[in-house]
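Both complexes below contain chain A, partnered by chain B and then by chain C.
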Partner chain A sequence: MTGNKLRNLLALFRQRPLQARDKLFLVVIGGLFLLLAVYPLWGDSYSLSVMRDVLIMSIFALSLDFLWGQTGLLSFGHSAFFGIGAYVMALLTLKAGLGSLTALVCAMAASASVALLTGYFLIYAGVRREYFAIVTLALALVGQQILLSFANVTGGDAGLIDIPFLKFGLFGAEYTFDDNLSLHFLALVSAAVVLLTLWLVLRGYYGSILKAILNNEQRALALGHNTSAHLLIAFTVSAILAGLAGALFTSTQGIVTPELIGPILATEVIVWVAVGGRGTLVGPMVGCFLVIRMRQEISSISTTLWPLVLGVFFVLVVFVAPGGLATLVRSLTGSRFFSAGKKERPWT
Partner chain B sequence: MSQVLLSAKGLKMSFGGVKAVNHVDLDLAGDELLCIIGPNGAGKTTLLNLFTGILRPQAGAISFAGRAMVGRPLYEYARRGIIRKFQVPSVFSEMSIKQNLEVALLGVGAGGAEAGAVDEILELIGLRSQADQTMADELAHGQKQWLEIGMALICRPKVLLLDEPASGMTKEETRKLAEMLLDLDHLSTIVIEHDMAFVRTLNSRTVVMHNGEIIRDDQFSVIEQDPLVGDIYLGRQ
Partner chain C sequence: METILPATLNGLALISILMLVGLGMAIIFGMMGVINLAHGEFMTLGAFTLSYVQVLGGNYWVGLALAPLVGLAAGFSIESLVIRHLYTRPFETILATWGVSLIIQKILEMIFGSGMQPVFHPFEGSVVFMGVDLPAYRLFLVSFTMVVIILCVLVFRKSQFGLDLRAVIQDRDMASAMGININRTNSIAFAVGAALAALSGALVAPLVAVYAWMGVTFLSKAFFVVIVGGTGTVAGVAAGSALIGFLETFFNYTIHSSLAQALVLILAIIIFRFRPQGLVQK
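Presenting the complex of A and B:
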């Protein structure tokens, strides 16, 4: 790579000076994560495990928000990448006996490979909008079918159990994440790192390019941007994050089932992002927390009631705040903190 | 006059039975200003779409600096220096004026370029005071035209293609635009325009298109006297 090309590449990630709203973002997010860090002081064991699941799932929500919220590509089968990450992690640690770190990297690489392959043919063929959503939905369905068809490897309907906890070597010592407290901090740090990284990337010049492509792809092309390459990169990065979330989820639960790759989880993650406010990063994390908490509360009353409540809640959000709760907060407070532009219309 | 920079040979493009561009040969020199005029539907914008890779000609060849261009990806036209302003202002409406210019700079691989380039263009297009806070969507039509021209200029193009740049501009703005175009050095420019007063001010080489064909190619002062051109504009041909 020549010096010029390297300089131009680095320029994509150059940061703009911090604005007032950036500082507000950092203060609010810093406060929120600090609160979550001290949560174990009063949270019981069950609440801690719920919070851990929410934090891991919020990485999954962030992965979809990065794609859908920033580029407009709606992956209707995003659970495929979550599931691939989960199953590769499970199979490599349980059956191949690989170390956690190697398996984690392989899980993310597997999700990335599938995204790269499918994304290449879709994105370079000009597949966008609802057509992209429909084709990616097929990914989740095909993925689930493959899992069921190769039951001798994947465990079929029952999935796999006894998946080892994450184990990392650090400074010569080996540390296993096998108790509520360590798992809580693993999930918390992972979510914080993913959120901060995405925020930094998006507030830099690369974020502007993605925003430009979302806003007017033809114009971006006519200015020399290889928009298909940018979209493919975003799709792959999104799949890597979904794979990371899947792998972490499997390691903390100790079990993996075909539901993790199916259309129900694929729909749920869309609801989290839409409810929270797509394109806002924090909104989908909040949406994830709210919907998961709601599911737990409703399911404790009746296991059959949840899909109905979820449907009504979602319709209500679309009617009251089409851009999700983030827009509602903004319209109530007049703040541009959660600004995501006109793309707040959830289905366009 | 310097060497031919952009060249079209035997270009053909039809939509259904309509021949939008029919056997067009056109050469543009390295520092030339060329106006294309003609009634609606004459094939002017289609010709620009062919020059920028938005359309692929059904026959014929386009070369830029001696390099064949047909079949290359759209973004490569811009990276090689062919930059276009669309007929309907095409800006990133949900981004600030400054961000629009920054994205334009990054597109041609000049992301590492100095911030001075953005300030310079902001000054030129007269939008400096509102560059950070105003979204492109909030601009008036004429200001959007200026922004898009600014986005094209910041890319330091070798060929600048302007599709009806004076549309929606005030008389004063149109005069300023004409002055700016006449001042541009080391740059080939193609301007499509219906505003004859504007074209008269430029008084450059002018091509008249009608039914997809080039029927006249001369200085505007000569074209203006041509009765055939008058007939075409008045619908008598």
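Presenting the complex of A and C:
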């Protein structure tokens, strides 16, 4: 009986044979990550730290792309889950003195439980699309407010510093990720594992179920899929990945600040996914890189300018490129690579 | 009595502010179906108008009269620049209005700085009622808001514009075929909603900290008021703001204020689950 159940569960992830575009995807991804793996050979320590932030943030971008791109649910306050992961990680390692691995699991579990609870009430009530976006936005706003008002625990506006680096024990030996090189590979491997896992899940049978829900939830329901349950699972998985990104980010940075949970980061992650093209997995990672580079350039001129640029970007993207910048690039160049063979679709 | 009466008045003040913002939100979101994430910024604009008038030496009443006019102007321009092109694309409206919200916040911050803006109100004293001192400003706020809301309901129910608006809400195409200028109706309705928000911003300004990003905290509350109450009816807005305002005041007196907001959010989410159509159905 349990064997049958396990087989049914595994069947959800059964794979189609590799097609030409899958091979192309793997080659491009492999090349990209190989390039990133040898990047420390010439990158100085500052560029390495920037690249590390980008890699960790790209896990965050992937988490939103998994939800928004694959199921159509847009979480407008996704930074809530990133922030929960970051603060739980920081508090558990710094104040409770827990080990890195336990704290990491707890951080992901905390994000998951918040998503599971809110998601249960919202998704099963039929809250979708713009309504879902509003309520999740409120989640990030309230989360930030709570952090700010419990300053004696969370450090308030200043946040917390001196958060310990990740430390893993393996075969009796203990390894700490505290230098540029090891942190770079930690971020690189994490991003690669998340990307490949999501890619495998999405190209398998489960990906087809999610795609069916994205295309027409009523039809998927009529075909016998428990769409609310699938959406809830996707939301929770997305929150777990966001929490993972948040926890990794704090332990590589050594600090947490309330910005990690606020609406600006929630906005930025949407921009990364929108710039890269939602539903493409690699696109949002590239978008993350481009936008973070752009933010650095703009912030070096003036720090208050950045939210203004974000605002203008949001207005423009709606009017100029309603399908994300990838569609714009695609229609300008006629390239089909980013589309992964899918048909064009509007933003929901 | 010493705590109950002032607490009730505080609750009523919050409820009436929420009703005013919620009414604007109900017109724009509940009736026109436009999700305007820049709605909070109309409040901020109202509060800043009052503050700026007072800094220039004007008195409270001039500021209070100017605030809705500024909101009206902002509403008109945003409607014609952004919203009008997106009536059939609700999802993109969210993104665009969020952009507008960020832009307004940052422009205000660039002009006025990120610090708190000074605001005063003309009611120094308090009114003694049943042996308890009640702040006069809150009494004024509650009664003034009630008058404004009754006026709005009358316009909506009795005037030609109200009839046009209700027709457009029911069926855009049919209303257009009957000779109603739907662009004009939508644009006026949006601007009036913005003016109501700006008015409530000016009214609430003496009671809260006036920052460039103050609108964001009211934005989510206003959405909860409309969603919890039920979209599209004035009674729904009243029920929603009464519930949210009561809960927040009650929790504020018993626990930490930001936990109170979290609890209100949680309760609102639970209410969604069991009454997805809102407390008051159409």
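Methods note: the second predicted complex is superposed on the first by the 309 of 348 C-alpha atoms of A that agree within 3 Å, B and C clash if a C-alpha of one lies under 4 Å from a C-alpha of the other, contacts with A are read in each partner's own complex, and residues count from 1 in each chain.
Rule of thumb we're sticking to: a contact is a pair of C-beta atoms (placed from the backbone, for glycine too) under 8 Å apart; a residue touches a chain by one contact, two chains touch by 3 or more.
Note that this is a predicted model, so its numbers are computed, not measured.
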Contacts of A:Arg293 with chain B and chain C, given as first, second, both or neither = neither
Query = So, A:Phe319: does it touch chain B (first), chain C (second), both, or neither?
reply = second
Ask   = Of the two partner chains, chain B (first) and chain C (second), which one does A:Lys95 touch, if any: first, second, both, or neither?
value = neither
Ask   = Regarding the shared-chain residue A:Gly311, is it in contact with chain B (first), chain C (second), both, or neither?
value = second
Task = Answer with first, second, both or neither: which of chain B and chain C does A:Glu130 touch in the superposed model?
result = second
Ask   = Taking the superposition as given, does A:Lys211 touch the first partner, chain B, the second, chain C, both, or neither?
value = first
Broader residue contact with chain A after superposition on the shared chain, chain B or chain C = C
Task = Figure out whether A:Leu148 sits in contact with chain B (first) or chain C (second), or with both, or with neither.
result = second
Message = In the overlaid three-chain picture, which partner chain does A:Lys23 touch, first (chain B) or second (chain C), both, or neither?
response = neither
Request  = Take the contacts of chain A with chain B and those with chain C, and give the residues found in both.
outcome  = none
Remark   = The chain A residues in contact with chain B across the complex are 4-5, 7-8, 10-12, 14, 205, 208-209, 211-212, 215-216, 218-227, 341-343
Request  = Quick one: which bits of chain C touch chain A in the complex? Just the residue numbers, please.
outcome  = 35, 37, 82, 85-86, 89-96, 98-103, 105-107, 109-110, 216-217, 220, 223-224, 227, 256-259, 261-262, 265, 269-270, 272-274, 276
Ask   = Can you name the residues of chain B that touch chain A in the complex?
value = 52, 54, 73-79, 83-84, 86, 90-95, 99, 102-104, 106-112, 151, 155
Ask   = For the complex, which residues does chain A have touching chain C?
value = 74, 76, 118, 120-122, 124-127, 129-131, 133-135, 137-139, 141-142, 145-146, 148-150, 263, 267, 270, 274, 304, 307-308, 310-319, 322, 346-348
